[in-house]
Amino acid sequence: MAEVGVIGGTGYTGSEIIRLISTHPNQELVFATSRSKEGERIADHLPNLETFLGDLKFISPEDSFDVDLVYTAVPHTKAMTYVPDFLDRGIKVVDLSADYRLPAQKFEEVYDTPHIAPRNTAVYGLTELNREKVAEADLVANPGCFPTGALLSVLPFLKNKDFARSTELILFDSKTGISGAGASPSKVTHFPNVNGEVTPYSLSSHRHLAEMKMISSAYSKSNKDINIEFTPHIVPIVRGILTTTHMFIDEDSILSKSDIFELYKNYYNSSRFVRIKEDVPSIKSVVGSNFSDIGAFEISKNRIIIISTIDNLVKGAAGQAVQNANLMLGFKEEVGLLSGGMYP
Amino acid sequence: MAEVGVIGGTGYTGSEIIRLISTHPNQELVFATSRSKEGERIADHLPNLETFLGDLKFISPEDSFDVDLVYTAVPHTKAMTYVPDFLDRGIKVVDLSADYRLPAQKFEEVYDTPHIAPRNTAVYGLTELNREKVAEADLVANPGCFPTGALLSVLPFLKNKDFARSTELILFDSKTGISGAGASPSKVTHFPNVNGEVTPYSLSSHRHLAEMKMISSAYSKSNKDINIEFTPHIVPIVRGILTTTHMFIDEDSILSKSDIFELYKNYYNSSRFVRIKEDVPSIKSVVGSNFSDIGAFEISKNRIIIISTIDNLVKGAAGQAVQNANLMLGFKEEVGLLSGGMYP
Amino acid sequence: MAEVGVIGGTGYTGSEIIRLISTHPNQELVFATSRSKEGERIADHLPNLETFLGDLKFISPEDSFDVDLVYTAVPHTKAMTYVPDFLDRGIKVVDLSADYRLPAQKFEEVYDTPHIAPRNTAVYGLTELNREKVAEADLVANPGCFPTGALLSVLPFLKNKDFARSTELILFDSKTGISGAGASPSKVTHFPNVNGEVTPYSLSSHRHLAEMKMISSAYSKSNKDINIEFTPHIVPIVRGILTTTHMFIDEDSILSKSDIFELYKNYYNSSRFVRIKEDVPSIKSVVGSNFSDIGAFEISKNRIIIISTIDNLVKGAAGQAVQNANLMLGFKEEVGLLSGGMYP
Amino acid sequence: MAEVGVIGGTGYTGSEIIRLISTHPNQELVFATSRSKEGERIADHLPNLETFLGDLKFISPEDSFDVDLVYTAVPHTKAMTYVPDFLDRGIKVVDLSADYRLPAQKFEEVYDTPHIAPRNTAVYGLTELNREKVAEADLVANPGCFPTGALLSVLPFLKNKDFARSTELILFDSKTGISGAGASPSKVTHFPNVNGEVTPYSLSSHRHLAEMKMISSAYSKSNKDINIEFTPHIVPIVRGILTTTHMFIDEDSILSKSDIFELYKNYYNSSRFVRIKEDVPSIKSVVGSNFSDIGAFEISKNRIIIISTIDNLVKGAAGQAVQNANLMLGFKEEVGLLSGGMYP
């Protein structure tokens, strides 16, 4: 049994980590921090977990502790104030913020703020891409929610030399639940503004685009620069992201649906949490679970349409963090995460 | 054409008044106030009304104006700071706050704050109850949203001497859309807290209960003190209140469904905005409209079940305000309000 | 490891049993039946469980099998055609239909249809009420969803001689998610008819009322006939029931909130799945879980308001069925059911 | 006052026409047909319009009538069985089905069924495109809901020779409310299948794509064949379509946001129902109204992102039909349609 802690236990991702660990057979929650709720019972803040956490109380992040691994579930620029100290004390870290996803210089450009504590050793924690490196890492940068669903839906293409070369344009049109906007009320999360509405935002400039581009470029088997575009939309649901990937490829290189299906099946052959389907996947099949369902593979002239779904709080955040932590702590990646999506 | 203004144009009720007046044949919007948006185009705040309001801008409530009637759509305790001055200047007022609904002493008790400007002449603006008095009033206190739907569903009983006498207990169990909580984001209106949830609140002590009790008592044809209970619940919809009235009466005085139906039909015979139905009314039939649909009239031993629906922002607030203003300005009460509910 | 099967695997309750058993450590799903989907992979019908069920296919209910226990998740009048045969073959049964909840004569009256196979030995499976009897039963009648949430919220009163005697009227006003209406599309479940709407139905005559009355009467410590009333409402959510219990008691016997809280705490002291709270419980705290949260305990004169929440498909159906099956098979009741609700 | 009738009064578009005409100053509803509801009061089927329609009853489409104009709101292949007869009798027709949108041969190919009654004189009723021709037409083919929102968002480009020539690819990624699927319950409209879900469908082959291509090609000022792609998604709302137009143009011809804004402002200068905005338009601003809001105009390299919104039942169907009928009957196009969207 490994001992773990959560920095930032009141946000949605921190709370979701606590939920997942509350029934985890190999990870034990030793503490969770909250400045605003310090000293209060965690279960008073998370009544769904009442009777699972006893009287465990939120502590201050300044309180002393010794654990095997810490999840940092705090906003960007905050994580970097904790991470180096934890690493120095021999504590492994899964960072759910954006602080270690990009090279420091790129981070400063995209987030328009200085990076005060770069670490070159951070491993990008898209588990299906970096399984072995994650297992040996001290610091894992957990991917953003949009990049997780988007990248999983194109990795088999990018990692194939021929296909990567023939790809001309990848356009991710994503539809996300509002929980991605966090637990703090705002005009954007106000029920009358979300219900009955669809809200496109950061139409051409979402920060996750930089992450998608960097990873696509770093891991692509082609040295061609692929044109990647991304537009996210808020839809009136709480959990889940459905990404419609419109991939345009060199017309002479077009594939059949069954070829693409086989390509994906093979690529994710040993990935427990990616399920390849011939038909269109649904959000409900993955809600509450760590799965990503990927399917459709329809073709219109030189356009290939791929649909992927994830629970943004699980595979898109807390679940993938626990999956990474499992590997870092020497467990099988699926431990504590094996449950299907809630349906209906 | 009468000239009117709105004090408090950015809240939901103020905005809804503006929407209704923007196409009103006999009332012209001359101004709307907003401290925070002073000088900004109203249509930039209400894009649904773009092209209807020209470049009309929000003004400060301190700016000078001269109109026939003002709607005060501000929180309680604020309205009383404006109303006496308007009345002194000969401007009629429909007040949508709680400030003039109760006698001053009762107001102070229920709202736990001093009343700085009582007016004994305020008429309680449940139009169907006080049509004639409203027409002659300078100041109308527009009813609360819950009292409107609740009282309309029991008025025919209370105004009948025999039935009022045999009534033992009236329990209003109301289900309301979240727009009743206003336009300002809060934990209560946060989409993930409303969606998938039902939230009972003020279970035994909602302020509107005092209003219901006072009106029931003042207008009942019996001098018996009727036991009135009220519990509201937020359901994940934007507009609408459905009130389930559980009325318990002296078992010997129980009526048949058809008798009750006739009683209601007759009572509301000349009320354009109350529609009596034999079956269960729906919220969708009234959303966007000034109607209240009332029906069901099922009987279980000594319990009579009556269901009423309103759009909380229209008949429960802005629509009834315009209906009252129509009368105060010498027009027919339905002018500018005749459209059916949105369905589906 | 006990071997179990599901009769009726495509309805919501049958599907939910399969979901719960797919990760159960002590119950193994050996088969599930479906006439319409016979021969098809279960996971093609339940894509959320893809990779959990291998290639297990739906069989016909006429196919032969031998298991320790069968869940009958079929409509009323269908279950009674299977149950006697299973019992004769030594197979234990948890019946999720209404067929064995009421005495045969009462069943025939309420459901207006003959009972072709009465069994006097059926135990009413409200686990918290009948834990010991369930453990020894061959046939358990799993309670209806509304009775589960309603009865749990008043049991501590009914089982106390003094309090039961002072209770005059219990009115359950319930708000349910639409999944209670089943997996088959109908006018009632049509999205535009549910969204933005609240739909009261069976206002005074829902069949679950007979179940509530019978159990209240059978288990009450008072021989006084308690007046029980019930009105259900559909609200636009998928899972969950919130029941507002308005309990009216003899005014001289009124209790304090803290006394009631203690009464409930003590009564449910050893019940893992009932959590007593001082404040108002939420649906989100129990969605996806087998918990019932009960709280509020507000008092208005002689009215006590109690709020209870359950997931209608879990504690209100499949979860309680698995809980009962655990006991019947010799396991602890909570095995395989220990996860908190999904939040947010 | 013109007299009009509706063939097919129980579907959502037929019902919406009735709603709009019930308060129209210049069009009077003389009849509406329904085979299944023949002889029943229309208001019993449309309780939102109770008191607006008196006791008008549904008639059979075979019943005789004489009116100035008929709206045919029936499924495709049904309209063509009525239209020629009406035209022969001198009755003008606005057809809301797909029967007269495409040339007969194209119709037969796309809808895979013979066209039994082609009329070459049908005018494509995208009012903003064909205002003058509509005014003189006997038969107007009302556009599909998706083509309406999509085409309005690119018309200013297509009608400009230079811009049309530089356009390489137009991808419409649309998000629609479920009312587009009609009033009949099905698996697709089942609340638990829509709520919490996003459902892409007809990913590359929706029939409306042929309509978009034909109109784009017919009206484009360039003889270049523009590559048009379209993927629709169902989102959990009742009314509204938001279309995200991803337009890719020759990189050397890229425009500034303000240039595009001016282009659109000028093009729609005299179109009362198209509102051009600099920021992202919302569905709520147009729900219940005949407006289409178009805006955003963000640029990412050679991609221009345009967002358009409509109410699919109003501007996308019944509202545009009434708008066209106004012109055909000699009235101003906006008569009876001037109300802003419902907000919130």
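We just call them A, B, C and D in the order they show up, numbering each chain from 1.
Keep in mind that, in the parts below, a contact is a pair of C-beta atoms (placed from the backbone, for glycine too) under 8 Å apart; a residue touches a chain by one contact, two chains touch by 3 or more.
All of these numbers come straight from a predicted model, not from anything done at the bench.
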item	value
Co-neighbours of subunit D and subunit C - touch as defined	A, B
Which of A-D and A-B has more C-beta pairs touching across its chains	A-D
Of all other chains, the one whose Cα centre sits farthest from subunit B	A
Approximate Å spacing (C-alpha centroids) for the pair subunit B, subunit D	36
Centre-of-Cα separation between subunit D and subunit A, whole angstrom	39
Cα-centroid distance, subunit A relative to subunit B, in whole angstrom	47
Subunit B, residues touching no fewer than two other chains	12, 179, 183, 192, 195-196, 236-239, 282, 284, 287, 344
Complex contact set, residues of subunit D against subunit A	169, 171, 173, 175, 192-193, 195-201, 203-205, 227, 229, 231, 233, 235-240, 242, 244, 246, 248, 280, 282-284, 287, 296, 298-301, 303, 305, 307, 344
Contact footprint of subunit C on subunit D as seen in their complex	12, 178-179, 183, 185-187, 189-192, 194-196, 236-238
In the complex with subunit B, residue positions of subunit D that touch it	12, 15, 19, 22-23, 46-52, 179, 183, 238-239, 272, 275, 277, 281-282, 284-289, 293, 338-344
